[in-house]
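Encoded as structure tokens, the structure appears first; notes follow it.
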């Protein structure tokens, strides 16, 4: 087929435009108009605008946000028959994830890559407990770079693991009363330990700078940050509580004009080659079966080292978060920042 | 190329302030007419009514016999020279002069030629391509005149055009302006608050106060026969005595004052009670003996040397100061301070006048 | 004692200029340091690579183009609107003048974020209200232009107003008296007088627009301008390409400033020469009389 | 208006009025009214807009009072809603920035207006102008480089043995204040310079001739005269600081939060334009009130400002 | 409470421009001394050196016999009144006046009392609580004087204090200033470019030109016996004839000009070649018949009425204009334009002078 596709995606991943899109165009003849945005909140805003203005066919949020996108009437389901659903690694759109990826049985979400958020540590200077724990992020011995809402969740899970919570941390994601109860506790603990937080990050680059320019020794960051810093004396390690994990993929805009091309695109990223390229560009994990084999040896080794059987088993997927939850979460983040 | 101007019952109000009150003047074609008066008396307002920037509240203005009502400034045969000249600083001299022609669509070569001719006429040949800021005050003055003449007005209106110049240059430009007026024959209406200027240049002078025209006459009559105290005081110095008329005959009158009885000419408008006697210092004489009439004993209190003359101040017994001006030509002896003298004057040189034609 | 105070003042002024310029020098120097983080310490050797990287940065160039377009549009609009407003303000008085002036000035004081948000909301709402998809009513750089004009016009207005206040109304009357029409007066007398202020206003508007972040951030839709792009890069401080860009901008600015200064000096010396001539003429006049 | 028609004729007058009206109405007044209107409506999914839930409410404004945090000030402990705290701190540090700018700018403005020879003045201006023409982002960025833990400042001080270990300079509001002062101090210098240079030097000399020492000349003659300029500079610096988004974003620490950042969060993170509008309006309103109050206290008028 | 001032070889350079060149003057305690000269001649510079705002490049300044070198303005017993007065506009009148006391730490009640006393003295009672902007020009003038007097200076320095006032007020303030000087006995050093002011007020006048003092003398000598052409022309009007001395004896000299031989007093400094003959218009007489000496035939070219006198311009055969001033008191007959007359003058009233004491 031919034509073009308006794709709005993440900024800062230069290989997308440099390598992946040309390969896709070569394979399908479809040209990609790429618009970069710094984070998915912006994408959401952009999508709201695009609902009226058009110009956006496909964008790339994380799976936990799909429900919110859907409830705002921004997206339409994919046509399973035009994708190659079998290409995906197990667990990405089925099993646990199915609840977030589908609505009324229809597939809203076509995975593109996935990854983890775990501890980046300075191998020389960080003081870690053994085994490393999320609690090390809040230890006075370490200088930390964090993002506020992740940090609070980390604190919650750490307290949960230590048995210091009145009820399971997961309750907070389904019940708002439980949420305030649990997050109050987590916030109070986090504020006590705030003195050693040296930088907030909200994007890849900022996290990076937190270590290199601002002297952080530990951080709760994406795997890509760990990857980028792997030769500068930093290691990416999983805490005993399990690493956070996220799953990112394509959604189809309700008013998409290039629907055929969109399906071609999503399918391409599920092929071994496509998945590998996409994951390489993000320094993340491929969604298609056979993807790892196609990635560079460097990447394969990095993820191989981190994703042992044990850590894979302990991965903690971000649950879906309602709009109400997000507002409340933002409030806690604000309090944390203001403290 | 020159026109007369008639103001008939012209009034001008700003809000409920009357800036010009019932002005009636007839200015002859080719005349050099000056309006003289203190600041704020309404001179500029009259000029702006003639040039069309202000419409009179009531009354009519005729130029060359034609009623000007409703005519815009650019439709009247007048050219105005502003107090600050208002030369266009971003244009060269010749562009300034030929601006009036430019807006009439005259072609460049003609304009240039005309500008050069006018520069010749105002004695500034070769200045055509200079900028305004390259000229001295007197030269600017001439350019302003040339610019006004370029549109061949029938009437030139000049609003204190010399006030920004320094004393010597001002005196020099007086003569020059007068000469240009004679050469062109255009009616000049000239505004000033400097009595010297008005007297020296004009065919006739209109003295104004508080929106009213007090007297219209030739310079000599204005100075020698002022109709009221305002004109007398505004034009020249005076020794003034308050009192009341006792007897009057043949245009002369007896005048009783606190210093004794005087005799003097009785002014034409000298009616009612608010009369004073005016005599100029140069007509006041100091002598060692009392004169037959109009003589007051004084003690010399101050001698002030003023160059061409010497002002001697004498104090009367009542404390009033009388000033006598002596010529500094060795003809008069200057008395010492503290000596006793008699100040006296000739009755023909003194006049009994009302304060002013209108109210205050 | 007096001398001492003067010396102290001079030292202070020197220190102040040092303070103002030092950050720029450090930033510029970091563009040549072969170090991944932008800094001058540790110095890891001289390199041109950040300039090469900058040259290859297509997104930056696109943002740069956008910036220039926006800046030109803003200059043109702000100059037209600002000049008109200045003329209006200058010819009215009393309460109306105070109200107009107050409203205009207040736009300078409104936080950029507020301007950006309000502009964006109004135009999109208006689009919704009119039920149109017309591009004007969607966020985008044209809204950035309108948002920026809303306060930059006030700056132009102030510049032009200052110049207007040195304008002698007598010149207008003189021109009218010489027979000019209103349009001629405007074209030949008033506007030429205002050109320096209008030129300065255009320059200020241009630079203000280039550097605007707050308004643009909220109105730009998805489009990048240089500032927004730089901002997204700066937050990460990821590589010194940004320093290379900064150095180029500083260079251009300095070059413009120097050109301007030279021109100003030439005009000043021309003016001085004219004044001197006027003085000579005056002296001659005095001598002749 | 009749004056204008007389000067420029009816068609030109109309054009001038229309242009001004376009600016003031379409670009200033109506947007702000729209902002105000939006701020009183709830944030709803697209489907609900215009529906029964779309009613006027002050809820967006009341959100400022959500989420109390503990505050300790001058030894007193109390609770304050987090956004109120942010707002208060924003105002407070904007005032501090304004004061610092004034203290830095006044001596320099005086120097430029009264001591420096007029011939050197253009050069001085040129040097001062260079940073002003360099974009605000880059200025903040320059300080970010300098103040970084391993940046030149720490490096220099360590090597001069003034400190013995690298110091993190961007803590609390330090970085923000340093950045704001640097970015906006010029907006103080120019109005104060203008004000002082309009002071007749004879007044200074007259005071000196009457025996006044330098500090009293400043206190009694120069400062009172420069008051409108100072007010003008102070209002500019204050408003620019309080409304700045860039500098706090770039030079903020983990404990600094600027109110504009909160507004931006509502706008771009929470996508709640309505609450963002309410917060933006609050910022505008409170800053305006604060400035009016201060201007009233110091008896300066708006017309003195922005000369 | 009053002190003398001695300038010894005082020079002042700005860059390589010499603003004041070798000034030597001794001003007596209690004297009213004026510096008179055209704009830019260095008057203000001298005053600022005396008050301490400028240090002389060379030479010494003594006040009350004490060398002032290195003394700051606030350490000298002088008080300066500025050309623009430099009243503090943000202080009330009494605060202005008592500012000098305030800086000396005098308590408020005393200051207030002193300010009121001084206001009384300058004839402005009740103005204490007004603001500067509420006063008229002449009142501001008085406040400036009161402010200067408040610090009880030994010397008052006044830099053209009347130049901003209008003519009538200026003349009134002259007398007032002089009276205050007499009352307080303080030495006044007064700067002006108005010859009338300098002559009328001063005990002695120093006439300056281009940084040099040309003549120091009492007003009468300055006017009647100017030492050179500059002083003669700057102070009053002249008819000037170029020529050369033929014979000289007893202070009188024969002077050959293009209009024939004249006779006149020979000025003390009249040496060298660049000499001219100066005679004042009021000493020039027009008559129908030729006089015995100093007589030139002229044709009356213009008659200009100036109020107290009438200026008659006569053109000589060579085209030079000679002006004669007649008194407007009826004593003289005014000739018509175009009539032939003889202009003549008394040899004692004419002087042969060099252009100026220094070079140009």
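Structural remarks
The letters A, B, C, D and E name the chains in turn, as written, and every chain counts its residues from 1.
Note that in this section contacts are C-beta pairs under 8 Å (C-beta built on N, C-alpha and C of every residue); 3 or more make two chains touch, one makes a residue touch a chain.
It should be emphasised that the depicted structure is a prediction, and the values quoted were computed from it without experimental measurement.
The set of chains in contact with chain A as well as chain C comprises D.
Judged by contacting C-beta pairs, the busier of the interfaces A-D and B-C is B-C. Closest to the protein's overall CA centre, chain by chain, comes C. In this assembly, A is the chain whose CA centroid lies farthest from the centroid of chain B. Per-chain CA centroids place chain A at a distance of 91 Å from chain E.
Inter-chain centre distance (chain B to chain E, centres taken as mean C-alpha positions): 27 Å. We define each chain's centre as the mean of its Cα atoms; on that basis chain D and chain E are separated by 56 Å. For chain D, residues that reach two or more other chains under the stated contact definition are 148, 150-151, 267.
Counting partner chains per residue, chain A has residues 213 touching two or more of them. Contacts with at least two other chains are made by residues 72 of chain E. The touching residues of chain A, when paired with chain D in their complex, are 41-42, 44-45, 48, 51, 71-74, 194, 197-200, 213-215, 326-327, 330-332, 334-335, 337-339. Those residues of chain A whose C-beta lies close enough to touch chain C in the complex are 8, 11-12, 35-38, 46, 49, 52-54, 202-206, 208-209, 212-213.
Residues 51, 53, 72-74, 78-80, 82-84, 86, 88-90, 99-100, 102-104, 130-131, 133-139, 147, 150-151, 168-169, 171-172 of chain B are the ones touching chain C in the complex. Across the complex, chain A is touched by residues 45-47, 66-67, 69, 82-83, 85-86, 148-151, 166, 168, 170, 253-255, 257, 262, 265, 267-272 of chain D. Those residues of chain C lying in contact with chain A across their complex are 36-37, 39, 59, 124, 127-128, 133, 135, 138-139, 221-222, 232-233, 235-238.
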